[in-house]
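In what follows, structures are represented as structure tokens.
In what comes next, chain A is part of two complexes: it sits with chain B in the first one and with chain C in the second one.
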Partner chain A sequence: MATSDTQSDEMLSSDRGEGGVEEEEIESRVGLSYTLLQIQRDPTALVGLAIITVMTFIAVVAYLDAVVFDYLANYSFFANLGVEQYWFANTVWTHPENDPADVRALLPPAWTENAFGAGTWDHPLGTDHRGRDILVRLFYGTRIAIQVGFISTAIGMVFGTLIGAVAGYYGGWIDDALMRGAETLYAIPFLVLVIAFMAAFGRDLTYAMVGVGITTIPVFSRLIRSRVVSVREEDYIEAARAAGVRDRNIILRHVIPNSFAPVLVQATLQIGVSILIVAGLSFLGYGVQPPKPSWGQMLSNSRGYMLPDPWFSVWPGIAILITVVGFNLLGDGLRDALDPRVNN
Partner chain B sequence: MSADEPLLEVRDLKTQFFTAEGTVRAVDGVSFTVEEGEIVGIVGESGAGKSVAASSILRLVEDPGEIVGGEVRFKGETLVGFEEGPDGELRERDEMLSNGEMRGRIRGREIAIIFQDPMESLNPVFTVGGQLQEFIEINRDLGGEEAEQEAIDMLREVGIPEPEARYDDYPHQFSGGMRQRVLIAMALACEPSLIIADEPTTALDVTVEGQILDLVEDLQAKYETSFIWVTHDMGVVAEICDRVNVMYLGEVIEQAEVKDLFYDTKHPYTGALLDSIPRPDETVEELNPIEGVMPEAINPPSGCRFHPRCPHAREVCIEVHPENRVVDGDGTPHRGACLRHEETFMAGYWGSDPLGNETQGETDPELTTDGGGSDE
Partner chain C sequence: MLSYTVRRVLQAIPVMLGIVTITFLLTDAIPGDPVSIMLGPSPSAEQAAAIRAKYGLDQPLYVRYVNYLADVVQGDLGRSLYFGEPVTQKIMERLPVTLLLLVSSFTFALATAIPLGVISAKRRNQPTDHVSRVVALMGVSTPSFWIGLLLIIAFSFHLNLLPATDLIMPWADPASVEGASTRWDVLVTAGEHLIMPTITLGTLQMAAVTRIERSAMLEVLNEEYVKLARAYGVGESTILRKHAFRNAQLPVITVVGLQLTQALGGAVLTETVFSINGMGRLIIRAINNQDYELVMGTTIFFGLTFVIGVILTDLSYAYIDPRVTYGERE
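Entry: the complex of A and B
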């Protein structure tokens, strides 16, 4: 008797456990709030989120200082107030683009010394080959990295999602045409594709972002298409069709929202990848043009000084590393939070 | 639309699925009508083609399926219509509504569908109210505010407690029965003339099923909407339907008023369906299932399609394919497709040798006397 009691107790509790899992599964399909809760419980994702938040904050300040102030300086009202590009940086510290008056090039970080002298706390991370402070240039390079990551990924995500959803929803020759097109794009090494794109249109950062965005379209369209193919068979899609909803609205309101979770995860990871790619492009001389600071270009400048002054190249490398890791940590956390099968 | 024309008329409808194994004749020449304010049942086993027939009416059949022939007329408009072209091929008739017209004027607005599985028929990422409102906005040309008010009224109408509060709930926060109520609200909210209910209570337990049936009867009386009720459950048919079509392998094999169907069964398959309903006084061993399974619709049996499973099958049943004809003209026409009604079919059933299927299933004495009686 006793054994049978324990058995039934066990069964009960396991039943309850299953019920709990099922409830979470249903919750996760719905909720932003649930997803955020899952991320809060995941320390690595929180670290990623913290990194991204800090980086984004720096980027926003840098954007204000470098772009918005530059624009406002055109108006006499603001110009009279003293508003100019890098107003903020200049006031509190030092100008990130102009060569300083007392050029002390290639200084090491504050706590070390090298052939050019001992580091000073005026330039905590040292100076570059033209005597500009490395830390302030890193700060202003953040803006480029974050901007590039978000915008190029947004381009790829929006177009990739639309193409993949349309292909998956209609199937047949539309599917074939769109997906074979996307795969053709996939087949060309994307660095070559982006460089060819920029060679055709210009070396500007805008074209770098658009080019990288275009090369990531197939990643997103393949991803969402695989989900849409199963979602389109769901009864609620059939119900919407039976109720006379237009195909456009079915795709936008019913199909895409139900297929979007993997795209969101991929987008987060893709931001990191895009930052790397654009850093690589800047290194090759495409993208941000000097003297605007960007991490890839700082790396490029440091090439010749790698042995005598390794810090010069280490700092932008670390900046890229931290940012990309931040996005990857958040992406992994998001994946776990959105995937009901992963048991937290 | 003339006064005596039915609300919906389906004539010789054929829907086929072109699969790798061959052409599946899911619906093979089905004809029936629906009058205004009437609940018409379509009954049959799984695979009989009930659901395909229902979705063919709205032209919702998807690849690899295709409507290949027949006619569906609704309120004087042609939803499906084929004619023979000059080259002898069947082609769509000119007056057949375009896909855009079907979507804009018919689907949802005039004919709504309630699907089988309430758990799957609501979009999980939208609130219940939002979906209801979307459908109302599309089909009744109402603005956001009005549509929302209408949606809340509809939720109250179908018996959702505190509809204002539940309006912003997501589908997973509703139970199965509540979701089915929401789906009924969605169908009714657009004030259609006809609702196709595709096994709407199959996924529900019996008490909830009873509540839903009561609700539908009340609402049907109130809105005078016609229903096509697709089901495999003879109990539901008896409860709710006015007239019934029994389908077997893509064909309607018996068509009658619900009372006539139950008390004066004309086709052995219908008899077998009625016999196979479990009764509380029977044990599992005493159950009377129909022998065998329904054959594939790729290669239907020759002659009468039911003959391999029919306890009354005779040699002639293999050769002669019975169309469904009026076999009992008293009062409302009672149509059946069984050669035992010799006076209608004149195929020489009683002179033909039995196939010996009787041993497989228990013979229904009532049916035999009835069928035999009409011969003598």
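Entry: the complex of A and C
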């Protein structure tokens, strides 16, 4: 009797316990902390995060070195401290611009040799067609790639999310008009659209970022609209509306935050795509103008020297590949973390 | 089905109108004077005025817009300022080249990606899956034009196996192809020219389709009806073929449809790398030459292709979705 009682008690309590755990799991499957936990458990996502961190760090150092130090050097206080443009590259690394008297163009990497001579450890990855160090130019190119990736994606994400949320929330003719507009932008091949945009307004990096940002608006607006259409039917939206909350606040505070998970995943992946697009634009001569280095432009320069110095064409591509892989790994990890269906 | 088709076609009209408007305004904003392109830097005033009158450039923007729209509706895309030929003729001249490139790269992409994605899903978390996932990840992360450069370095410059430039049409006259005397020679030469551009353009599509095929298959294999089929003792390969594969193809078709525009953009880069005279290089050259009519014409043509592609994608859902056909069969 007593034993059966305790047994049943145990069964009950264990039942209750299991139920409790399940509820907790369901509860914790949404929210930032759960996502972060999943990411921590996912080694590939961590590799992606590590790549992005390193690349962003390089980009920040390159930005300080090339832009901020150049600006500060105009003030005598900083100039007396020895702050000058390319201070980092000059002291820690090799020379960003070569000594004109001793230009050694198209040197191979340090461990090989080609028709132009043997590589030296002064230029670990070799030199380009003007004798500039390839490693240093890759270093400064990181800044362009990271900047372009983040800013153009931010433009596309902000406008795309707003447009998609408004279209999905209101429905009707507003939806029709906005989504047809997005479809129109999508229908023109993005590379052609961006190039035409840049031909019209300017060839430099700012317009590349804005142009790529505009072409990615439809990606985000379609994505969030498909979520908003179901979110707007939820009870809490109904409650907010009944309580007299204005539409603008409902969209910004309730609709967008509750539909944002796939947008976050897409944004991470889109940064990689944008880096690829801008590299392609630079390859065609639209983007950062020389002498500022970008990876796509370096590849474009290398085209003329593929036979004598193939290494010149290899390095910038590897830099692009690694960076974009980083964003793709993190994006995949985020998707798995936010979508438990695929995960298990 | 018919009414759905009609509705989709009607919905495409505002999109086409939007494409024409965007291209028109964008090309109008490109700085430079078309007259100076045609007549050189310092034309006489009468000549310039004559050209302006001939092309209607002396009229205000909205008049030109309406005129252009009327021409486009009638299928007249105007005359290239640089080549002096009708835009449609120029497109027809270059289109086969780009089409050949697109068809061969999509064939390559689908023929490799679909088996790869299915096997990857079937052998989830086994070595085959890992290899195919890494390949797909690399594929979506690599700039296509860089693949082209590496292929040229390896197969043209070092191994001397494949030609680095140009495309030869398989239907070209043997007399016009260097070193070819029979149809077979032409086909071989065309194939040799096509291999590297196909891989260059197709790798991204291949990788993208592999990834979506894998995740779509995994999702379907998790569905209740697949578990039920398994519980009934249906063989794993039958489940894969009959129950899972077909249902998994909807997202794949969407992605392939959308990849089409991306591929047209990628064709610009591939054609630049391999010096192929196709639509992509035509459009870049037109932008660089400020050849407004050609820019507008080619962009509108691309847009139309995309709109048709999207409609075909939507219609193919109805064909592939089993919920439509099951009703008829059982």
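The criterion applied here is as follows: the second predicted complex is superposed on the first by the 304 of 344 C-alpha atoms of A that agree within 3 Å, B and C clash if a C-alpha of one lies under 4 Å from a C-alpha of the other, contacts with A are read in each partner's own complex, and residues count from 1 in each chain.
Just so we're on the same page, a residue touches a chain if its C-beta (ideal position, glycine included) is under 8 Å from a C-beta of that chain, and two chains touch if they have at least 3 such contacts.
Quick caveat: nothing in here was measured; it's all calculated off a predicted structure.
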Looking at the overlay on chain A, is there a clash between chain B and chain C, or do the two fit?
-> fit
Per the overlay, which chain contacts more chain A residues, chain B or chain C?
-> C
Taking the C-alpha centre of chain A as the vertex, compute the angle to the C-alpha centres of chain B and chain C, in steps of 10 degrees.
-> 90
Classify the contacts of A:258 with the two partner chains as first (chain B alone), second (chain C alone), both, or neither.
-> first
Considering only touches as defined above, state whether A:235 meets chain B (first), chain C (second), both or neither.
-> first
Of the partners chain B and chain C, which touch A:244 in the superposed model: first, second, both, neither?
-> first
Which partner does A:172 contact after superposing on A: first (chain B), second (chain C), both, neither?
-> first
Once both complexes sit on top of each other, what is the least C-alpha distance from chain B to chain C, rounded to whole angstrom?
-> 16
For chain A, give the residues common to its interface with chain B and its interface with chain C.
-> none
The residues of chain B that touch chain A in their complex are 58, 60, 63, 103-104, 106-109, 112-113, 115-117, 120-126, 134-135, 138-139, 170, 172, 183, 186, 190
For the chain A and chain C complex, residues of the former touching the latter | 180-181, 183-193, 195-197, 199-201, 272, 276, 279-280, 283-284, 296, 299, 302-303, 306-307, 310, 313-314, 316-317, 320-321, 324-325, 328-329, 341-342
Which positions of chain C touch chain A when the two form their complex?
-> 11, 14-15, 18-19, 22-23, 26-27, 29-31, 137-138, 140-146, 149-150, 152-153, 157-158, 215, 218-219, 222, 258, 261-262, 264-266, 268-269, 272-273, 283-284, 287-288, 290, 295, 298-299, 302-303, 306-307, 310
Any idea which chain A residues touch chain B in the complex?
-> 26-27, 29-30, 171-172, 234-236, 238-246, 253-254, 257-258
